[in-house]
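Paired with chain B in one complex and with chain C in the other, chain A is shared by the two complexes that follow.
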Partner chain A sequence: MARAVTPQRKALNTAIAWGIGLLIFFPILWTILTSFKTEAQAISDPPVFLFFDWTLENYSVVQERSDYMRFLWNSVIIAGGSTILGIIIAIPAAWSMAFVPSKRTKDILLWMLSTKMLPAVGVLYPIYLIFIRMGILDTRMGLVVVLMLINLPIIVWMLYTYFREIPGEILEAARMDGASLKEEILYVLTPMAMPGIASTLLLNIILAWNEAFWTLNLTAAKAAPLTAFIASYSSPEGLFYAKLSAASTMAIAPILILGWFSQKQLVSGLTFGAVK
Partner chain B sequence: MTHAPMEKIARATPAPVARRIKGLSDRAIAWIFVAPSIFLLLAVNIFPLIWTIRLSFTDYRVNRPNRDVEWVGLRNYERILTDDGIWATMQATAHFLIWTIVLQVIIGFALAYLINKKFKGNDLWTTVIVLPMMLSPAVVGNFWTFLYQPQIGLFNYVIAFFTGADPASFSMIGDVNLAPWAIVIADTWMWTPFVMLICLAGLRSIPDSIYEAAECDRASKWRQFWTITIPMALPFLMLAVLFRGIENFKMFDLVVQLTGGGPGNTTTLTSIDLKREAFERWRTGYSSAYAVILFVTVFGLASIYVKALNKVKER
Partner chain C sequence: MATQHSRSAARIMMAPAVILLLGWMLVPLLMTLWFSFKKYLPLRGGDLGWVGFDNYVRFISSSSFWPSIQATLIIVGGVLAITIIFGVLLAILLNQPMWGQGIVRILVIAPFFVMPTVSALVWKNMFMDPVNGLFAHLWKFFGAEPISWLSEASLQSIILIVSWQWLPFATLILLTAIQSLDSEQLEAAEMDGASPLSRFGYITLPHLSRAITVVLLIQTIFLLSIFAEIFVTTQGAFGTKTLTYLIYQRVLESQNVGLGSAGGVYAIILANIVAIFLMRIVGKNLDA
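Let's turn to the complex of A and B:
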C-alpha cells in the first residue's frame, strides 16, 4: 500500500503529535500551577516547575474579594439560556434550508454569515440605547437575548451543515407513514441529528461563555458573568500573578470540565463540523 | 420507549391546524420557518447597521445629546480616509491579519501533514489541543501577559535559554518592534490547533486508493503532494482561512488584554481604534462612518474570497 505506516513511523507520529500537544498545553498548565504558588514563588528566577510549597491561599483570597459563585451562576444562565433559545429558533430554519432548498438558500446563508463581519463596536451604541429604553440593561435576560442573536448565524449555519448529511428520503418515508411536520422534525430529524445538535450546543455555549465585549459593556453589578470577574483581576497593579492565575483557573475550570466530558462533540463543534 | 412517540402520533395535530398546515406547500412552510431567524437577524444587525449608516453622515456626539445634530454629508468618510493615524491602524491590522494567517496555515498544515494518520491516544490528544480555543480571549490575554514578563516570564526564560540572551533584556509587550509579534504569537498559539484540525479532516478525507493509483503510475512523493494532497485539502484550508480572517479582522479582547493597543499605537488594531473613537472621544458620527468602512472592507474581501472558494470546491 502506498501509505503503509511502519511501526517506527507510527511511533514518530505519536511522539511528534504529543510533543506539539504538550507545547500547546503548557501555558495553561503553567497558569494552573502558578495559581498554587505563593506570590514570591510565582515570580522566582529561575521559574520553579513542580517543587514548590503548594498552597490554596490564592483561591481563598480571590473568593473573599469577589463572590465567584454569583459570577459563575450568571455565566451558566447567560450561556445556557442563549444557546438553547438559539437552537430552538434555528432548528426550523435549518430544516427548511437543508430539505426545501430554494435558489435563495445559499444567499441567505451567506447573508447570515455576513452579519458576523460587522465589528461589534459598530452596533454597540444603537443596541445600548435600545437596552436602556427597554430597561434590560444589566439583566441576565437582556444578555441572553443579545448573545442568542449574535450566535444565531453560527447556529443556523452549523445545524444546516449537519442536517444536510441526513438523507431526505428518511424524512419523506416518515411523512408517507403519516407523520405530521411537527413529528417529522421532533421524532425523526432531531434524534438523527443529535450528535450535530450536541456539537452546535457545545460550541455556542463556549462562544457565549467567552463572549467578553457585550457582557462587559451591557452589565454592571447584577448580571455580570465570569468575563467581568476576570476583567476585574486583569489590572497589573501590584503584579499579583499567583492571584491572577487563581482567578483565571477559576474562570476556565467549568469550561475545561464541560469539554472533558464531551470530547467528541466538542471537537466536531469547534471545527464547525469538519471533524466528525 | 416506543410507546410515547406512537401515542403522540395517534393524538396528532388538531384537525383545523392540520388542515391549515397541509394547505401550505413545503415552500411556504420553509419560508415560515426561516422567517423568525431572518427577522431577528434583521432586528439585531441590519436595523442597528442602518442606524449606524445614518449617524455616519452626521456630526452627532452621544455625550452631548442636546446639541443640534448637523448633517455633514460625506465629510466623516473623507476625514477617515485621509487620516494618517487610521492608515497606520489599518497597517497594524494588516500585519496582524497576514502574519497570523500565514503562520497558522503553514504550521497548522505542516503539523497535520506530519501527523495525518490516527495514532495512539488520538482522541485524548485532540481534546488537549483544542483547549486553547475553548478559553476566553480575556483569560488568554491575562496569562500571556504573565508569560511575556521580562525577567520572570516563562516565554522570555525559554527564549533566553535557547539564544543565550538575558531574559530581562527584552520585553515582548513593552517594545515597539516586538509588540506586534507578541500579539501574533499569542493568537497563533490559540488558533493553530483549529487550522490543524480542519487540515487533518481534509487530509483524512482523501481516499488511500488515489495515492495507490499514483504509486502505480510511478508518481514521486513530491508529485503526489502537489497534485493530490494540496488540491484535495485546499477547500478545507480555504475555509479555515475564511473563518480566521473574519475573526481576526475584528480582533479585540485578546489584544486589549495583552497590550491595550500599545506601546504607542503599534498594536492598535482597527476595532480597538474604533472603540476609542466611539467611547473615549465620543465622536459618534465619525466612528459610525469608521464602522461602515470596516464592514464594507470585510464584506467585500469575504465575498470575493467565498466566490473563489466555491470555484475551488467545484473543481
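Let's turn to the complex of A and C:
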C-alpha cells in the first residue's frame, strides 16, 4: 500500500517528525533531567543539558518532606478502585444496550454523556456538604465513589462500543445450549470482550489518576493522592526547581509508563468507536 | 432476538448505572438550586433565609461575570483551534513513511499522561518564570527582554499549557482516522493532476470530519471545566478567571454559598447550551 518514496523524502519526513516529537516531549525530558541536578545547576544560565553532576539527592529530600508512598498508595486505591467499581456497574448496562437495544438506547447513552458536562464546580458545595454529613470527607472511599460516578458515562460508552462489535449469533448459540443470562455474561461475553474491558480499564485509570478537581477539593491529609502531593509545590520557595522536578517525575512516572505500553488500545476506546 | 424476557432483564441490568447517574445528577443539582435562592454564608451566620432571585442578579451584575465568560470562551476556543489545526498537520506528518515512527508517536502522546497539576507547575516555573525560566534564558540569549508570561500574556500562556496537554489526544485520534484513508484515492487524484492542497481539501479533510467532531466533543467536555491549570498558575488573576474559577472563589474563598450556587446554575446552563449543540452533531455523526 505504501507508496514508493525517495530516500531523501523519507529522511526529510524523519527529520521533521523527530524534531517536532522531541519538541513536544521536551518539557517532560527537561523535568526528568532537572530532577537529577543540584538546585544551583537547575537554574544555571546558560542551562546545562546532560553534562552536570548527576545526583539523587532531590528524591530523598522530596521523600523526607512528604511521604511519597502514602500519596502513591492513595492514588492507586482511588484510581484503581473507582475504575473497577465503575466497570462492574457498567458491564451489565453496556451489555443490555449493545445486545437488547431499544428505541431509547441512543438517548440514554447521550444523556449519560451529558452528565459529564455538568460543571463540577456548580455542585461542589452540595457534594462537600453531603461528604461532611456522611463522614466521608478526606476518605479514600468518598473519592472512589465520586470518581467512579464522573467516569461512569465514559466507561459505559466505551464498553458499549466494544460489546457492539461482538456478533450476536455467538450469544444466541450459547443461549440455545442452555446458558443462563449470568453464564452468558460470565463465560461467553466477558472473555470475548476482555481486550475492550482492558483498554477501558487503562484509560479510566489514567483519567482518574490525573483528576485534579475533586481530589484537590475533597481531601486534606489522609486521603490525598499524588495530585495533592504535587500541588504542595505550587507556592514558590527559594530554589526549588530540582525538588519540584523530582516530585513531578515521581508523580507522573507510573502513569506515563502504563500509558506508553497501552497507547494502541487507548485510541479505539477514546473515540467511542466513532473513528476506526 | 429480543424476547420480552430479555427486554425486562436488560432493563434491570441497566438500572444500577442509570439510577446512580440520575442520583449523581439530580441530588446535587436540586441542592444547588435550593442554595441559590438563599442567603447562605456558612462561616457568617449560616442560613439567613430566602432571597428570591437576589443571588442570580448579583452574580450576573458583578463586574467579574462577563469577563469570566469571555475568558472561558477564549481558552476553550483557543485550545480547540490550536489542537485541531496542529493535530491535523501532525497526523498527516506522522502518516508519512519515516524511520522510527513508533518512537515519535510515543514522544508525541506523552503529555496526555501528565497530570494537570504537574504540567501547570512545570510550565509555570521551569519555562515561563521571568527570571529563571527557560524562555527567559532563551530571550536573553537573543538579547530580548524576558517576558513575565503568566501576567503579561496570561491567557495565551494558559492556552499554551492546556494545548500542550491536549494536542496528543487530537493527534492520535486524527492519525487513526487518516490511516483508514484509502491511499489509492489520493494517488488517483494525484494522477489526475490535483495539487497537494486540493487533495487535502477535497479528500483528506472530508474524510477527517467525523474524527474532528469527536475531538471537538470530547475536548469541549474536559476543557469547560479546567481547574488545576489555573489553580496552580495564576489563581484566576490577570484575566484568567474562568466561570469555573469564579464560582470556586465565591463558594470556597469568600464562603458565599448562595451566590456561588447561583453561579453554578449559570455554569450548568452554559454547559447545557454547549452540550445540546454538540450532541446534535455527534448524534448525527454516530448514526452513519
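We take it that the second predicted complex is superposed on the first by the 239 of 276 C-alpha atoms of A that agree within 3 Å, B and C clash if a C-alpha of one lies under 4 Å from a C-alpha of the other, contacts with A are read in each partner's own complex, and residues count from 1 in each chain.
The rule is short, and it goes like this: a contact is a pair of C-beta atoms (placed from the backbone, for glycine too) under 8 Å apart; a residue touches a chain by one contact, two chains touch by 3 or more.
Keep in mind that what you see is a predicted model, and the values were worked out from it rather than measured.
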Chain B versus chain C as contact partner of A:193, first or second or both or neither: neither
Touched partner set for A:180, first chain B, second chain C, both or neither: first
Partner chain in contact with A:223 - chain B first, chain C second, else both or neither: neither
Touched partner set for A:147, first chain B, second chain C, both or neither: neither
Touched partner set for A:85, first chain B, second chain C, both or neither: neither
Contacts of A:93 with chain B and chain C, given as first, second, both or neither: both
Residues of chain A at both interfaces, chain B in one complex, chain C in the other: 1-3, 5, 10, 13-14, 16-18, 20-21, 24-25, 27-28, 30-31, 34, 43, 45-47, 89-90, 92-93, 95-97, 100, 102, 108, 110, 112, 114-127, 149, 152-153, 156, 181, 206, 209-210, 212-213, 226-227, 230-231, 233-234, 236, 241, 244-245, 248, 251-252, 255-256, 259-260, 263, 266-267, 270-272, 274-276
Footprint of chain B on chain A - complex, ascending: 1-3, 5, 10, 13-14, 16-18, 20-21, 24-25, 27-28, 30-31, 34, 42-47, 89-90, 92-93, 95-97, 100, 102, 108, 110, 112, 114-127, 146, 149-150, 152-153, 156, 178-183, 187, 206, 209-210, 212-213, 226-227, 230-231, 233-234, 236, 241, 244-245, 248, 251-252, 255-256, 259-260, 263-264, 266-267, 270-272, 274-276
Residues of chain A defined as touching chain C within the complex: 1-3, 5, 9-10, 13-14, 16-18, 20-22, 24-25, 27-28, 30-31, 34, 43, 45-47, 89-90, 92-93, 95-97, 99-102, 106, 108, 110, 112-127, 129-130, 149, 152-153, 156, 168, 172, 181, 206, 209-210, 212-213, 216-217, 226-227, 230-231, 233-234, 236, 240-241, 244-245, 248, 251-252, 255-256, 258-260, 263, 266-268, 270-272, 274-276
Touching residues on chain C, where the partner in the complex is chain A: 1-2, 6-7, 9-11, 13-14, 16-18, 20-21, 24-25, 27-29, 31-32, 35, 90, 93-94, 96-101, 103-119, 121-123, 125-127, 132, 134, 137, 140-141, 164, 167-169, 172-173, 176-177, 180, 183, 187, 210-211, 213-214, 218, 221, 224-225, 227-228, 231-232, 243-245, 247-248, 251-252, 257, 260-261, 263-265, 267-268, 270-272, 274-275, 279, 282-283, 285-286
Contact set on chain B toward chain A in their complex: 5, 8-9, 12-13, 18, 21, 26-27, 29-31, 33-34, 36-38, 40-41, 43-49, 51-52, 55, 62, 111, 114-117, 119-121, 123-139, 141-147, 149, 151-152, 154, 157, 167, 189, 192-194, 197-198, 200-202, 208, 211-212, 214-215, 236, 239, 243, 246, 249-250, 252-253, 257, 270-271, 274-275, 278-279, 284, 287-288, 291-292, 294-295, 298-299, 302-303, 306
